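Let me begin by handing over the structure; questions about it come next.
Labels run A, B and C following the written order; every chain starts at residue 1.
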Amino acid sequence: MTEATTSPNASAGKKAPTPRPWQIGRYALLIALAAVVVVTAIGNPRFLSTNNLLNILFQISTLGVVAAGQTMLLVSGGLDLSVGANLSVAGLAAALTILATGSTSLGVLAGLVAGTLIGCANGLLVASNRANPFIITLGTMTFLQGVAVVISGGSPVNGAGALFDLFGLGSTFGIPNPAYVFAAALAATWFVLSRVMLGRYAYAIGGNEEATRLSGVPVARVKVGLYALNGLIVGIAAVLLTGILDSALPNMGIGYELRAIAAVVIGGTPLSGGRGSVLGTLGGVLLLGLVSNSMNLLGVGANYQSAVLGLIITAAVLLQKRT
Amino acid sequence: MSALKWKLGLAVAALLLPAVAHADGKTIAFMRAGPDPYYQYGMEAAQEAAKDLGVTLTTYNANNDSTQELANIQDAITKGAQGILIYAVSLSSEKAAIAQAQKAGVPIFFQYGYDPSLLKDAAGFMQIDVGTFAEPLGEWVGKQVPDGEVAIVSGKLGRGDAEAYSAGFKKGLAASGSKATIVAEAPGDWNRQQALDATTQILTAHPDLKAIYVHNEDMAVGASIAIERAGKSGQVLMVSGNGAPYGLDLIKQGKLALTNANPPSIASVMALRLLIGVIDKQIQPGNYYDAPTQLIDKTNVDTATRWDAPPEQVKAWLSQPLPQPVVPAPGG
Amino acid sequence: MATGLPETVPAAAIEARAISKAYEGTLALDVVDFSVAAGEVHGLVGKNGAGKSTLLRILAGAARPDSGEIRIGDVRAVALNPITAQRAGVAVVYQNAELHLNLSVAANIFLGSELRTRLRLVDNAAIEREASALLARLGLTLPVAATLGDLDIAHRQQVAIAKAVRANARVLLLDEPTAALNKSQTDFLFRLIRSLAADGIAVVYISHHLDEVLAIADRITVLRNGRRVGVVTAGSVSKADLVEMIAGHGVSEVSERRRRSGKREPMLSLRSVSLPGYLDDVSLDVAAGEIVGLTGLTGAGARTLASVAAGVTAAQGAITLGGAPFAPRSVHEAIARGVSFVAEDMRQRGLVMAMSAAANMTLARLGAVARRGVINLGRERAEAVRLGHFLDLTPRDPSRAAMTLSGGNQRKVLIGRAVFADARVLVLEEPTQGVDIEARRQIHDRLRQLADRGAAIIFVSTDLEELIELADRIVILDEGRVEREFDPEGLAPEVLLAAIQAGGPDERRRD
């Protein structure tokens, strides 16, 4: 006997409401940014002054450039811990060249070339080695830190000539010049990730490296390309920072690697790769910059600043995980 | 087989020869806490002096890592150093360092990082008095700024010196009779990037700032950029400490008004002489010495003691009288 | 074989009442009732997307229904999660069973409920003893100390079932259990299921293989578009009846007539190909427009041969493609020469799940929609839409992430990738494994069309019906050698099966 029963409610096409936790996770970063802005503005109204907002832009530009490059690497499932040390070496290369030749253009070229070569070397190591890029770039980071001390003799290299006028003091249409470099880096990285084959391959490798390999994509070559491109971006950041500080120091890049990764992860790109966008990174960089600025404006004691920053980063990441 | 023995014999002899040749020259281990130029200049001056004193100086870098520092000390002792001249990484690591050196009977002399409880076990301590170091700076600022807003950009807290500098400055400021108030204290962590950002924030929050005390000149470079960017170059008076080459440049450029210098060059040379004296049993161990300091401004910047001292200058220091022990030793 | 169950069924071992569940706005289950009695084998069938997986996950506690309730043994289950479900006596064996391949059989069975010595240390000896006893009781012969990773899928599945029994499961949920099993392994599984049912365990059997479901189940629930369209006793329906309930309309099983290729110049030619331990002096020709089906027992070499033919695995011997030697040094080269490989394991070796269907399809030849390294997104989308039409992709929107697609559609995307890469030779592993009836027919039709357009197609399959329906020639391998060839026209599945089975004993050779 066949019992054929049909459900009483013929509800074809009935749509269920979108679940809420999904929404919260997506907007977590915006909520955090808004919270910081509101709290700080109440504590010190000067926070919202044009002057201060421009200062914030100025202060996050270098980190922003580094974070833009790191976004590409994280999307591909890789990462580069040596970008901070790379920054120092490339900055020193630029400053030393300016010192030796008196030419700003040569200095800029030296910085860009140094950054790209280092990035390329990292890429070759990562692509040819099955070890985790974390370990590999940790090693290159240590090596590069030593290189920085050696080529600088441990002392600052003072004088960046025209670069200081351009980046340290210069502004166009009222906006500090470093912000333009930041914007350009963001735009370029966005373009690569969304429109260029290299960027598409980055997403593919991050999403499923084996499947990508089996689709005939030259995975090793792509990785080298990504790391080299990241190196070039770090070189740009190095030239920028050298200009801002009117000098290059062997330790000037320390901490940038971790802060850049934090900004990228806060922005929604997972460490495992396969997803992510520079827009999120922009949010992450903004959050880090706003918090630092805010704490100084509110007079938060030096002892507490690290702790507060750490709490905010952790909270932002945990909220993101709920998507 | 005998050819091999010959080679072995030669090798052993080659290893022993330098030891034999230097049997009468002393070996001193110079240890610095990290790659910071401050320690570097101290080391270079000491190296120059060592040449003239007929002493071999081996150098070590702890890279700001206490564990590395202890390893360096063990290494130096094993390699036969007769004395250790050290810039310690932190107060806490000094105790361990002394313990190691004592066990081997090697005199150890500390620069910068005074701990009164350790004085009796050390060959000596030489440093500036961090408590009073910033007082003259505070007094000078107080005289220039009888009323108004003043800020401090401090070094990394936790080692004791940054706290002492700020306290000394405030004391000096109060002693000058000025009614100026300290409206902001932000951390610059000894580096110019952070000082740049911190000073920018301070200037945003207090646009009428009259003066700023920046604990060291590396940070002062950053602070001066911030002041320039804010267009307040003539308005904000900056004072600092160190006397580093880039600091002297800042003075020459008019961006830094006054600095209290504690040149590592002359200090290390004097400390080296004292240590050798202790090893030769001509000087009593366990004493505290003041490191030479000098207030520098535009008027004496060209004749000031430099960190990057030329060899003639170092030679001159070798014949100057040695610093006298401070008795009773300070409480710390 | 259906047992005669009374019309009124006693208290259920597990029951779902009025379950509804929506994902991202679409209803996966629409007020569905489902109940299984103790000792009953209950089949659950339906197309991909009908809701079977969702219902399974809800029963296992891996998903929460939006409304409705679950009752286990007549007790209402509150806040069910995989752990509480397990404690309540529900055990699941998923298609890709989550087992720990680096641990031993015994360790896996006792994972999470290890026996301990007085000192609270894990008592490995006791675990192995108990595991042996348990396996013996179930009629399984497995070395308890063997590492799970060394065993084949069939044996791993047995371990998963043993684990469930050990945990005193009263309800056993099986998801496509015979997907990777051959006939004799399937028979063994059925005997095991019947003995478990005789012990009073309720077994839920989800499968696309209607013949199997009719053979093993007592009752069958049919889902369609998230609703339950019927519950039938297995003895009272025919396969055609089930098909009609599942698809909502009559579906012809046999795909369109195939063109017989006469003696043509071979496109891909393998001569004396050997790979020690896998293949022994194999020669094979595939002509343009021809579809060759490779099959054999596990370890016979069919998969290896396909892999070698696709240039993915290197072997000794000579391979020519279009007359020229074919020995690609990289996958890139193979694809550039027109040879594409579609692996069975879509998750690991096929799709980038987070990327869109379109991006997955163009991945092997991205340069075709790019100029000077810059991708023309508009053109890519147009190509993807075109391919989507050709493949009957559901949903048609190629910007949907691959992970949101059903198994059948995912397979179509992979085929689409090969088509986009201008494959002249297409090599596929189990092209319709885990795929619903309609998608399966569509895939077969498309493959036939591609062959008609001149491609040479090789596929490996253990699905007898598929071999007979799709292939122009069936090649049976045994112990690394070509054993027999069959013309599928009018071939009966039993005959083919017998020929495959006639091969040597099941050796432990990896395929």
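Quick notes on this one:
Note that contacts are C-beta pairs under 8 Å (C-beta built on N, C-alpha and C of every residue); 3 or more make two chains touch, one makes a residue touch a chain.
Everything quoted here is computed from the prediction, not taken from an experiment.
Interface comparison, A-C versus A-B: the pair with the greater number of contacting C-beta pairs is A-C.
Of all chains, the one whose Cα centroid sits at the greatest distance from that of chain C is B.
With centres computed from CA atoms alone, A is the chain lying nearest the middle of all the protein shown.
Distance between chain B and chain C, defined via averaged C-alpha coordinates, is recorded as 72 Å. Each chain gets a centre from the mean of its Cα atoms; for chain A and chain C, those two points are 42 Å apart.
Chain A and chain B, compared by their mean Cα positions, are separated by 36 Å. For chain B in complex with chain A, the touching residues are 35-37, 40, 154, 157, 184-187, 191-193, 196-198, 200-202, 204-205, 218, 221-222, 225, 228-229, 245-246, 249. If you check the complex, the residues on chain C that touch chain A are 7, 22, 24-27, 30-33, 66, 225, 227-233, 236-237, 241, 245, 312, 330-336, 341, 343, 348-355, 359, 363-367, 370, 373-375, 377, 417, 421.
On chain A, the positions that touch chain B within their shared complex are 44, 46, 49, 51-52, 55, 58-59, 149, 153-156, 158, 168-169, 241, 244-247, 249-252, 292-293, 296-297, 299, 302-303, 305.
Only residues 1-9, 11-12, 14-16, 18, 195-198, 200-201, 203-204, 207-208, 210-218, 274-275 of chain A touch chain C when the two sit together in their complex.
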